[in-house]
Structure formats: C-alpha cells, structure tokens
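Going in written order, the chains are labelled A, B and C, and every chain counts its residues from 1.
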Amino acid sequence: MADAPKLVNLTVDGKKLTAPAGSLLIDACKNVGIEVPSFCYYPNLSLQGACRMCLVRVEKMPKLQTACTTVVAEGMVVATDNEEIKQARKAMVELLLGNHPLDCPVCDAGGECELQDMTFSYGAAESKYMEPKNHKDEQQWSPVVFFDRPRCILCYRCVRVCGEGMDVWALGVQNRGVSSIIAPNKEDHLECEECGMCIDICPVGALTSGAYRYKTRPWEMNHVGTTCAHCADGCKTTLGVRRADEGMEIVRGDNRDKSGINNDFLCMKGRYAFDFANHEDRLTQPLIRKNGKLTPSTWEEAFELVGKKLNEVRMRDGGSAIGVIGSTHTTNEENYLLQKFARAVLESNNIDHHRTADFPALAAVLSGKQEITASMRDVYNAPAILLIGNDPTEQHPLLAWQIRNNVRLHGAKLHIINSEPIKLRRQATSFTQIPVGAELNAASFLAGDDSALNAITASASRENWAALRNQLRNTENLVIIFGSEIRGAAVTAVTHLASSISGAKVIALADYANSRGASDMGLYPDLLPGYHPAAKSGLTLPQMAENAKSGKLKALYVVGSNPLARFHLDSQIFAGTFVVVQDMFLTETATIADVVLPAANLYEKTGTITNTCGDVQIVKKASEVNGPKSDFEMIVRIADAMGYDVRNLVPFGRGETADMGQSRGAQSGEADRHAVWLQANNLEPKLSPFDPMAIFDEIQRLVPGYRVSRLNLLSGNDEHTQLSQSGPGAKHDPALIVPAHDNLFSSGTLGRYSRALNSVMENRNPQPAEVAAD
Amino acid sequence: MPILKNIAAIAKGMSITFMEMFQPTEVENYPDGPGPLKGAKFQERFRGVHVLQRDENGLEKCVACFLCAANCPSNCIYIEAAENTAENRVSGAERYAKVYNIDYNRCIFCGYCVEACPTDAITHGHGFELATFNASNLVYRKEQMLAPMPAHMGANAVFNQAEVNQGAPAVPVQGV
Amino acid sequence: MADLVSHPDEVRVVSKRFGKGATNIDRYIELDGYKAVRKALTMEPDAIINEVKNSGLRGRGGAGFSTGLKWSFVPKQASKPKYILCNGDESEPGTCKDRLIFEHDPHAVIEGVMIAALAVGATKGYIYIRGEYRYLSEIMQKAIADVYAKGFAGKNIFGSGKDLDIYWHGGAGAYEVGEESALMESLEGKRGIPRIRPPFPAVVGLWGGPTVINNAETLASVPHILLGGAEWYANLGPPKNGGTRLFCLAGDLEKPGVYELPMGYNLKKMIYEVGGGIPNGRKLKAVVPGGSSTPILLPEEIDVAMDFDSVAKTGSMLGSGGVVVLDDTVCMVKFALRTIKFYQHESCGWCIPCREGTDWLKKTLIRFHNGAGLKKDIDNMYYLSENMLGRTFCPLGDAAAMPMMAFVKKFRKEFEDHLDGKPCPYEKASEEINRELAVL
C-alpha cells in the first residue's frame, strides 16, 4: 500500500479541518459535511470548472474561486456560506434557468433533477427572465438515447464519462456560446456501446432513456437493489419497479446509490435489457404435451405428471436413466437444491450445465494452497493487470470499465495477450498478439517453460516475451485475468505464474450471471458442491445426449437451459425421453419437452449469485409476472410430487422462529431486514419449504468458500468467496467448455427476448464500434 | 337612560328582522327545482367532481406529471403515463395520461390536486350527485371526467353545421 | 492595407520601420534588423530577462503584466520542451495594432520570439495569427521562409550552435482564442476553450511544456529594448510603465489611425490633438479607452494619463490600446447592444455566467432598444453584469460585464429615454451602427 498521504490543515466557515494534501477543496468540504453545490464536478472525471456553482471565497484571492479546481493548501481559510457566496449561487441558478425550459411536469428528471434541487436550495423564488427562450427540437440518437437540447446545462459530464470512462468518445460539443450543443459522433446518431452512462450521469433531463422516458415519475416507483441477470460480472443494480396489469413491471435500471462493485457503472444490458420479463412470448402457464401438442394445464396436473413419470423411470431404469441439466441463470440456492434433488431424489449423478470456464481446474490447483483469487474490486486497485484471452469490452463490460479506470486513475500497467487486437489494447502498456489457440503456449512460457514459445513465435520476438515475463515476475500484486481460452493445463500454468509472484491474484472469466455459482454448487457429474469429488461419476451433457440417442436416457430434467440450441443437438434424439423443461420462454429445448413449466427469472426471486471472480451477492425480488414460479419452488414441488419428504431436501421448520416475509421482497424489503435481525440473534429463518435462505444455511455449512458474512451479504454488499479451501476439483476435458460468445448486445435467451437489445442490434452499423471511436 | 338605550337596541335589531321579512324567500328547492341542477345552487368555488380540462386545441391539458397523485392526501388518484406520438397526440406536451382514475370512495374534495396541477388540467367541477349502490362505480375513469370537446372541434357525434360555420365558441363545457 | 498616419508627438519605436519596406528581410537587416538577437546570443539568459524586466515593459495584450517577470517564471530545467507563443489573435473591437506590425514589420515579431526563446531556453516558437488576417499570414509565411533561408532559424541559428524553429499558425475566427490558454488549446488542435489555472502556462503550457505567451506588440518591442537598453526604454514612459505603445484611435475623429505614443500620454490630448478632435463640430460623448471590454469614460474623465495604473484609477483599463471615440450622435443603448452582441457571439459557451449572461443581456437590449423596455430591465442588466463579473471561467465574461455596468451606471438617463415605447431618440444619428447591426 502507498504511504498515508500528508495532511494539510485548513479552515472552512470557521471549522478547522484536515484533508489529504493534493485533494480538492470541494471533496474536503464534502467529507466534513459542508455542502458545496456543483453541476460539472463529478468524482473521477476530469475537472471542468464550467458550472461556477461551487464558487467559494478563499482568503487572499482576489476573485471567488471554484472549489472543484482549488487544491487544498496549508492554512487556507475558506468561506462557503456568506451572503456573497449565496448571491453568486443564486445568480448562477438564475442565469441557468434563463434558457431552461420549465417543463418539469413532463421531464423525466423531474423529482430527481439536480437543477431542481439546486433551485430549491440556492435559487431565487422568482425569475427575472422575460425574453424568449432558445429552442431546439428533441433528437433521437439511438434506440435508447434521446437528447433534449433546451434542458441541457452543458456540464459536459456525458462527454467526459463517454470519453474518459468508457473510452468510446461518442459525444462532443458543437458550436459555441449559447448555441453550444452536445453532439453525437455520427452527425445525428450515436455509434457507441449504448451503455447509457451519459443518461445516468446527466444531472437534468437532457439525455433520456428510450426504455424509461415518459413512463412514470421517480417517486412513483419502488427501487429494488439487486444484481444484474446478464453477464458474469455481477453488477449491482437498482431496478425501478411500478405496478402494471400483470404484476410488477421493471421500468428502469441504474445503480442509483452508486454502491457495490460497479459504483455507478452499468452496461447496455444492465440498464435496458430487463424487458425480457414482460415479453409477450413469456410463458405463464404450465404446458403438457397432449396428443403431440403442448397444451396449457394447471400447476397441480403438471407437477403430478412430472412426479409420476420421474418416479416411474427411477423405479424401472434406476437414476442413471435420468439426466439433469442446470442453469447458469438460477441462484446458488436453486443450483444447490437442483444437484441435491438429482442426487438424493432422482438418485442420479447425471447432472451438468453449460460450462463456460474451467473452474474445477482452478480449484484443483488452488485446493489447500494459498488463496489467490481476485475480486472485482481488486481489478480496480491492482498496480498491474495481465489479461490473457477474452475481450472484456464486449463480454465483460464491468471488468473492462474497472481495467480502463484503474489505468486512467491509478496509472495501472495493463499487459494483454490475445489472438485478436481487442479494444482494451488502447489502455495497454504492452499488447502481444498470438495465433488463435496459442494461449496454452503463452501461459506455459510465462510460467517458466522456455520451449513453449517455439510453436507460436519467431525467435526474433523472443526477447520481447522474455522481457514481458521478467516484468511480470517483478510486479507485485499483479492481477491475472484469463478467458475461457485458458483451460485445463493452461489454468495450471497461469496459476503457477501467479503463485510465483508476490501478492498476485487470478480471475477466470465465465460468461453468465451465475456460471461461477453453478460450478461452485456442483452442477457436475463428478463434483459435489465445493468441488468435492462425487462417489460415482455420472454423465456429462454430451454423454446424456448420446445416451438419449441410444435410448438409455429415459428422462431429462432441464432447468433454465437450452442445450438443444447451445450444443446443436438433434431434436429427434429425445423422442424416447421424457423431457421436463423449466424456462421463461418456449426455447428450442422447450418445444420438444413433454412438460414445460414457466419459470421466474433472476429479477423475480430472491437468493444469491456468484460472479466470475467469486464475489457472491444477493438478488432480490423486484418484478413480478403473474403465473410463473421460481425454479426453487418447482424443484421442491416436484420432489414432493415424487413422494419425497421435502424436509430432507430443504431444512425448514426446525428453527425456533421463522421468516414469513421471504416472498414479499420487492414491495417491502421486509424479508431482508427481518433476516438481518434473525442473523444478529443467532436464529435461522426457516418456515417455508420455498425459503432459499434455508438452503443458504446449508450452503454456508457445506461449501467452504461460502462462509462469508451473512449480514454483509444481506445488506447488499459483495462478499468474496474462496476456492482454496474447497475440494480437490477435477481435470475435465477442455472440449466440454463452450464459450457463449455473447457480445455487448446479446445475452443468450434473455437477449433474444429483449426488445431493447434487439432494437440496438438492428440499428447497429455492421462496422465495429472501435473504428468509430478511433 | 338605560331604558331608552334598550329600546333603541331592540328597535335596531327588529329593523333588520322587518327588513328581511319583506325580501323574497330563498329556499333551495333541490331536488325538485328547475334546470339540470334540479334547483341546487353553488358558489363558484364549490368543489365537486373533478373535470379534466382541454386546451384551446382540444388536446388534454393533463401531461401525467403525477403531481396530483403525489399531493393527494387520501391517495385516490391513479395514473398511467404514455408518450404522445405523431399519430396519436392526446396532450399538448410529450406525455399524456393513458389511465387517469380517481377513486371517489376515498376522495375528500380537498382540492390539493387542483393546487398542485402545473397545467391547470384538473379542476373541480360542480358535479355532486355521486351516490351509488355499488362502490366500484365510484372509481371514475378519465373518460368520465374529461371535459367534452368544444363543438367546433367536431368531436360530438351530432352537431349543428350552421353553428360550426359561424364559429362556435370554444368554451369548455362543465362536466357532470 | 491601411494608410499610415503620423503626428509630431509620436515616439516611433515599434513603428520605426512602418512604411519602409521592412517586410523584405534584407531591408529589415539594413534597418538594424536581427542585431538585437545577435546581441542576445552573447548574453546570459538571465541577463536578457533582467534587461526586459528593468525596461518596465508590460504586456500589450491588455492585462499589463510585466513581461520580464513572466519570462522569469519559466523553470530553468524542464522535462518537456519549452515554447514561445506569440499571440497575434488580435480580435478586440477597436484594436488594430498587431495587424500593422505584421503588415509592416513581421521580422520584428520573429526577432522578439527569438530573443524570448533564448531568454527562457525554448527551441520552438509559434506565431499565432488571427484567422481573419488572412493576408498577414502570407506575409508572415514569407518572412519565416526568408529567416530560414538566411540560417537565422532552424538548426544552429546565426552559427551559434543553438537550434530554434519558428512556425506560424492561423486562427479559426474566435475572439476567445485571444485568451492565452484557449490559444494553446487552439494551437493543439482542440476547441478554443480556456484551461483551468493553475497550472499557469509558464509551468504547464503548450503540449504540457513550459510556455511563454506574449502579445505581438510586446515581442516586437523586445528587440528595441535590447538594442536601446532598458533604461532608455523605461524612460520613454512614466515609472513602472516603460516605453511606448501603439494607440489605435478610432471612431468619431478627424484623423483616426494607429499612433505610437509614449506610455502615459494624456488621453484628452490624444483625442483633440493627435486624433484631430471630433469632426463636424459635434461634441464628445464618451470614450472607450482600451478596446471594447474596457469600461467607457465620460468626457469629464478623459483628462488622464494613458498608462496602466492611471487609467485603472478612473475605474477603467488601458486594455489593448483601442481608443474608440463616440460623439453626441451615438445612441448608448445601441452601442451597448453592439458591444454585447459581439460578446454574445464570441462567448465560447463553456461556463454558465458568460454563456447565459451575454445571451440574456443581448435579448434584453434588443427588446429594450426596440422600445419594449421596462424600467426594471435597466436594473436587471446591471444585476446580471454584476453577477457575471469575476465569476466566469475566463476574462471574456468580465469583458462583457465591465462595459455593460459602465453603460448603465454612466448613461442611465439614455436608457430611461428608451422607456415607455418611445422610439430611440438617437436613432437617426447612428446610421453607421445600424448598418453594422444589420450585418450581424
């Protein structure tokens, strides 16, 4: 760690305070609770000094000074609250309101507008302005970004966050003086990553979101803090939820309290792609195949049928004739429950999921050794980062944001080894391009095997490689991030490199919201939760398909997964198999199913998920669609229908007291507060068999890495789980890993049913965004 | 002279009595009086059933800002907003109220909504006969409260063409 | 090309070679050209700076900061290259002095840049010429080419072993870029918007290197100081205001033009003697002493010595030397409108008070002049200017606010005469301004 910064003493409004040398006056004031208003100042973006709201009187200075550009100095005497300052602020708001349209009643920002707040706090009650206001018509820049020039106060936050924060540089300023206008990079439209950061950061309603605009008002929504359902980065998000005909509808996604691992960052998917929940194709009733056609039925009929059929197969052909495919989009609790259901109720080890990263290999190397996995927060603070494979800009937007801003703000060194010239190379200290598929060679070389390079590079560039290796070896606290290109032996090599460097850490990149959780929870035929080996190994996903083909697989239970499309399986092979699918939509796999059960998505239930770094976070019930049930409930009810005592599946009903509020989540938040209280009193909430927390108790007992602070977790914070205390893991066939290859605007099944993502995809110029940004 | 004083006071008081005695009788003959109000009379300020006003172009004044709902002490206003499009323009601004319900089971006619309205869209009309045997009838929808289109806007199914040619005044008609 | 004017009171230093064909490098050398830089090459850098400091030379751009002092702020050792920047983006209304220097004596500017470069240890000098002065950039281009041809610039200048490159650069038509940090932004190819200070350009300037920015007239004076000596130059003007200055007499005068007069020359004398007085027997109404951004002076205030400190005492500024004389036919509301229109047009839009304030003032003044003014507008205009003053990002806001406040304060009656829907009582007389307004 760096040395503690030197402190300087200064006086603000007669209050003596100390602040680290080099810090800005506006921050120093804020830290002691003295409010200095500002529009253009935004932490971690370059300084503007443009809005002149933060003017303060610094003694011995002839003019008022902007607190956002003044660096604290020893003995500085500052006044922020006298008549002169009040008048300056008042006049500034008056000037600003001159040309500002007072259309607050229709403006999206009304109610959470910084200009409104400033006017209330510092402005004049009456307007002196009598002239005609300048007007420009509203523009639509992209399917999700709208711009209303008259409302713009030209604070340049959007320009800066787009350029400095996102490294997209899609916004700029045209004209000058009062005609100045924020303009997109392609004359009348944007070619960018559609992250919506510009909208989020806009202090007024000048930039509005296509998904949210004119739908409701800020105070009309409930705000539920949960975790994003898309990629494996696990951004914390606040969903704005409002009443709708069909339950509760999500109308907005942002991270309004700027907490969590992502601070204020969200990407396109997190910010807009929640609309799959209300897609018209959403299943709301169980479907049972009758006379070859899927026909709507009741839940009771469906569960009874599934229970009966599965029981039959188990009795007749044994558990090994039943396959289970889990999901990368369900909670840890559901995944744990599913594998427990498979192993205990179905008596089958044939359980697998869509694997996108080789976590068992990582666990195998780390088991019983020093813990060296990094959290998402480490990426932002590491002095150096080595990135092998993957394209975080497209596949891991938060990771890319952390890397970029670490480089920009902390001067971190970024080393990239990739087969493609990925966009992050613009931030890189060194970029080494390797042939496709040569990641293992690169990793082995870096781990110390000199001969590994022979196959991939001419001897001329060896020196560069050696220099890179030397540099990395001498970089303390290096964070090594690798994509799914690194599997099996390569994981071992990279981990060895990491353990040879003091303080180095690793991150393995998977592709879906709970890919890591599915892996940790033992959705493997040969691994139990916590990477402990199973007594008897079952079938992997491709093996199940083969068995189905040969008629040996009699039943298949698919939870939130679409193996038919993902693994390009022939739908005919399941002709003789009883297939049960739990999903939101009629996917390829669901169309061949005998029973389809409509499932709730991650925004509609409570539980925990683990991001690719191993940071476990809570998800809370935000929205609701009438009809679907959570996978958790469905698994329990199928077990019940099979005649299994669900008390052996979900340890409920044994506690002294109980939590009834679990399913209420979204509206009251009561469940969580209650759970916090229970935890603090050493009690466990267990009354309902559908209570994920009952299973989470068990997970915390049995999966070593998950013994994290429950209180912290339930308060909405991220907790890093550890791999090193887990079981010995396993070496799997690298071919079992099938990367998702999602980009910024696709997200598997969820993306397919998101109107926002689809509209952006249709609009997008086929040229890569990077060309535009250059 | 207390007696004289008393007499004077009585005379003064009685003079008013006698004066009023010869004024015409004013009794509200509701509900048997003439006219649509059946004899009921109101002060202008009387707060009756709400009227959602239209602007001079016949567009709804309400822009669905939710301020009335936010201000309502009995929480009886329910609004769903939607965006105006070129094809379907309902209000003068960008947004309009797709659904606007007032639950008269709960409304206390305090007038806060009228105070809060930034566009003078919601006003109190003089409608007062709200009683019903079915409480669900008391949830008034937007269509029930909206001021009718002025005749010259051509909204009425039957209208007098001669009047239109003359240019009928665009006076908002009182609701209920 | 403007005709040259002259007056016996003139002390010709910078304008010494005007009209003598000094654009030709050989002719320039004949007229003592490039002697000063040869002398500078023999001097220690500190000695050059001291010489300039002692001469009392103050920046001719308007702010009047001591040139020698500015040079001395440049760190001796710097990790980045140092630069000399000549600010020839002369855009202040009423000012046209740099134009004459570039037209008649471009080599003096180049020589000044060279001496400054030697003094602070810079190896690159840029001469930034206002975009509208297109023909001047051709003259400058040729002058620079000649200098390179003679071996005075480039590698090993004058055979001294030192390297110095001189470049010219044209503006793109923004008044704002006359501000030094905006000029650097413009030169770097960005929007001409001022930078946050500190750091000051002398420490972190062009492309992050220490940079000296001086007005063209300032730099053109430097060779004369080195040749004539600091003491000679200082004694030309009053204490602390060394030398002479090019005054641009404009407006309602018999003999308008650019005159070089010693610092501290009386303004009244300047108008009535040098400028030949007000034509057609009209009366003096007001004087803008130093370019449109300086507060206007009333006739009773003009008995003042034209140096930085004396003019400051009247509540105005010496500014850039553009003296604009207005006779009694000028409508002051219209003149205010003309001035504010300029600033509204030239505001860069970066900060709120300037962007919104100038626009507001312009709109009010247009309405006011058209006879729809209200009494409270007068106070409001003063209020707005008062609240712009000193609170803007760069001095452009001040430049608009200061004269506006003076207009309201000193000509309140004239504003009041426009009230109550009255037609402008001065309208007919200000045809010329009308014409100008129509163009905008």
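Everything below uses one rule, namely that a contact is a pair of C-beta atoms (placed from the backbone, for glycine too) under 8 Å apart; a residue touches a chain by one contact, two chains touch by 3 or more.
Remember, it's a predicted structure, so these values are computed and weren't measured experimentally.
Contact tally for A-B versus A-C: the pair with more C-beta pairs in contact is A-C.
A summary of chain positions shows that the Cα centroid lying nearest the centre of all protein Cα atoms is that of chain A.
Between the CA-based centres of chain B and chain C the separation comes to 67 Å, rounded to the whole angstrom. Per-chain CA centroids place chain A at a distance of 51 Å from chain B. Averaged C-alpha coordinates give centres for chain A and chain C that are 56 Å from one another.
Listed for chain C are no residues, as none touches two or more other chains. In chain B, no residue touches at least two other chains. Those residues of chain A in touch with two or more other chains do not exist in this structure.
By the touch criterion stated above, chain A contacts chain B in their complex at residues 103-106, 110, 138, 213-217, 219-220. Across the interface of their complex, chain A is touched by residues 63-67, 69-70, 81-83, 93-95, 118-119 of chain B. Chain A makes touch with chain C in their complex at residues 47-53, 55, 62-64, 69, 87-88, 91-92, 94-96, 98-99, 128-132, 134, 153-154, 173, 175-180. The touching residues of chain C, when paired with chain A in their complex, are 174, 176, 191, 196, 344-353, 355-360, 363-364, 367, 374, 376-377, 380, 383-384, 387-388, 390-393.
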